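Each structure below is given as structure tokens.
Here come two complexes built around chain A, the first alongside chain B, the second alongside chain C.
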Partner chain A sequence: MAVKTFAGVEIEVNDEGYFLKHENWNKEMAQEIAEEFDINLTDEHIKILSFLRSDFESKGSLPTMRRMKKVGGIPTKDLYRLFPDGPLKKACKIAGLTKPASCI
Partner chain B sequence: MILGAGTAGTMMANHLARKIDHKNWNITIIDEHKTHYYQPGFLFIPFGTYSEKDVIKKKADFIPKKVEYISEKIEKIEPQANTIKLENGNSIEYNILIVATGCKIVPDEIDGLTDVSIWHKDAFDFYTFEGAMALQKKFENFKGGKLVIHIAEMPIKCPVAPLEFAFLADSFFTKKGIRNDIELIYATPLSGAFTKQNCSTVLGHLLSEKNIKLIPDFNIESVDSNSKKMISFDGKEIDFDCLATIPTNMGDELIENSDMGDELNFIPTDKHTLQSKDHDNIFVIGDATDLPSSKAGSVAHFQAEILTHNVMNFIKNKPLKPDFDGHANCFIESGFGKAFLIDFNYDVEPVEGKFPFPIIGPMSLLKESRLNHFGKMAFKHIYWNVLLRGLPMPGIPTQMKTWGKKL
Partner chain C sequence: MSEEKIKKISIVCSKGSLEGIYPALIMANGARMEGIEVSVFFTFFGMDAITKKKMHKIKVATVGNPAMGIPTIIGAIPGMSAMATKMMSSQMEALDIPPIPEFIEMIHDAGGKLYACLASVDMFKLKKEDFCDEVDDILTVGQFYEISAGAQIIFT
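Up next is the complex of A and B:
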């Protein structure tokens, strides 16, 4: 466990920098986390982060890319365009969520 | 009422036929297909080790006499009305429903894969009898080139099977004397060789020892059938001379028709009691669930013992037992007459040790041995004669034991 400061607030994160408590997140923090990946957040990014968070809050687990396409209407190609190289891992980190585990 | 007479459904029919009070209860099982395939055997067909006779029997031979067996296509479940609708127009009511409709590959999910010019000619699955047989023919005359083993997306039935396939292909072509003419590639959407970290490290090493190239994080979008290439969502390409792919696995379409599944037609299920999350009198077993346990026969076997208990409790209005721990027990063929054995559950990763007994074993966990390979080959007999009949496996407990494991 470690502590990092985002938007002036100290946040508990795990060894890889993922939030321990997703409730601590807000949109200002998202831009700061995104800079780690050289991503400048646009409305398209925010839409994806919002879907990730709302789906996680209602289901208790992270959505797969297939679910994001089918339920969230987010084409997989867009995910790769907006969050290149490992879109789910990056998007979840920026959204203040846990790291996606590969399912069995 | 049991839907599906595959591994899980057949085991439940056998268990319940022995336990239930036949004066007050009728057991019915519905499945449109007449053939029971020994699915673990499909892995051995492409390499000529198994043939048709090893993997095919009649479903009816494994259904107990006290169980009514209906061989019709199911159209949908109507959970509010406690009714099953058949395609022939008939409706059947149930008091308790057990859904065991499994999962299957859906190659059409990938654009271009099933083009007639390549499907079962240069691009194959080995998760169906037809696919495995077609691949056997291809391998008989395969002289060399790029053989790509590929997983489209997780979860898949028997997550170790593609690795086993890669190891067996290495062994098969080495014995044929043409291994040097074949480039073996293992492409996966995962970040490593396998889903479980410990196992991924051990098996990842084995891939490189056997000169099988691992391409991780490959998320397929389409296949170009003209140039024989797989193309990923982020524009990466892998070309092949022969492709052995595990296409997307999905639950049965009847689950979608019934509006009971998630985006892959898997049914939301309590991970410890196996009760459906949405309907108290519906239980789900085997590959049809959305559980984070492996989709495998050993898992269905452990689930069946627990579910039998819970169905009996449900009948008697007693609380359900949250006993399913995600236990899985899998042999992993590693080629040249050897195999690994792994034993794990929701919480405990595969580790080294002895199985089923500490020190004396005789099986070794997460280590290659000849005995493990004999275990794997003996499993066919156990499957047909012990497992499907719902009989206990001597020495193998339903819940995972930590004894003998190096934790």
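Up next is the complex of A and C:
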């Protein structure tokens, strides 16, 4: 466990930098986390982060890439374009969620 | 971890059964999700996964497959393979593992490259039009190795 400061708030994160409690997250923090990956958040990114968080909150588990497309209506190509080289891992981290543990 | 990360892989998919094709596709998709560059080379019956007429009809082998736990003589009964395939497909659906045609599209959309093997294409008398649109090219073994420069190669 470690502590990092995002948007002026101290946040508990795990060794890889994922939030321990997703409730602590807000959009200002998202931009700071995104900078780690050289990503500048746009409305397209925010839409994906919002779906990830709402789906996680309603289901209690992270969506798969397939669910992002089928339920979230987010094309796979867009995910890879917006969050290159590891879309789900990066998007989950920026959204203040845990690291994805699914193979799909 | 001080070891260098895997940056690029090439997967050879040589078998045309459900249990032969899925490992290749899951590994290919999983690699893209980790930001690893991926090429999948389909050869022999593995080409069924990308052949328009066959990709929707891939079945589990219930004969000659001791891990299934079905005696060969039972596995040979007409409809057994279809039934086992149906059962396995519904279990996979529950885990959000897509059917093969959707999986192929997903890997393509993820930036994975899909190739058919020229020797097999000639042997089965196939043409580029026989393959789904996601297939990038038909390659010789030599071209496959050229494309795989610097990659780890996995045979399934």
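Quick note on the criterion: the second predicted complex is superposed on the first by the 102 of 104 C-alpha atoms of A that agree within 3 Å, B and C clash if a C-alpha of one lies under 4 Å from a C-alpha of the other, contacts with A are read in each partner's own complex, and residues count from 1 in each chain.
Basically, a residue touches a chain if its C-beta (ideal position, glycine included) is under 8 Å from a C-beta of that chain, and two chains touch if they have at least 3 such contacts.
Quick caveat, the model's predicted, so the values are computed rather than measured.
Partners chain B and chain C clash in the overlay (superposition on chain A).
In the superposition on chain A, A:G96 makes contact with neither chain B nor chain C. Applying the stated contact rule after C-alpha superposition, one finds that A:R66 touches each of chain B and chain C. In the overlay built on the shared chain, the residue A:Y80 is in contact with chain B and with chain C. Among the candidate segments 218-226, 272-280 or 362-370, the part of chain B whose C-alpha atoms clash with chain C in the superposed model is 218-226.
Taken together, the two structures place residues 64-67, 76-77, 80, 84-86, 102-104 of chain A in contact with chain B in one case and with chain C in the other. Within the complex, the chain B residues that touch chain A are 153-155, 159, 190-191, 195-196, 217, 219, 221, 233-234, 262-264, 292-295. Within the complex formed with chain A, the residues of chain C that make contact are 26, 29-30, 32-35, 95-98, 102, 106, 109-111.
If you check the complex, the residues on chain A that touch chain B are 64-67, 70-71, 76-77, 79-80, 84-86, 102-104.
Of all the residues in chain A, the ones that touch chain C in their complex are 64-67, 69, 75-77, 80, 84-89, 102-104.
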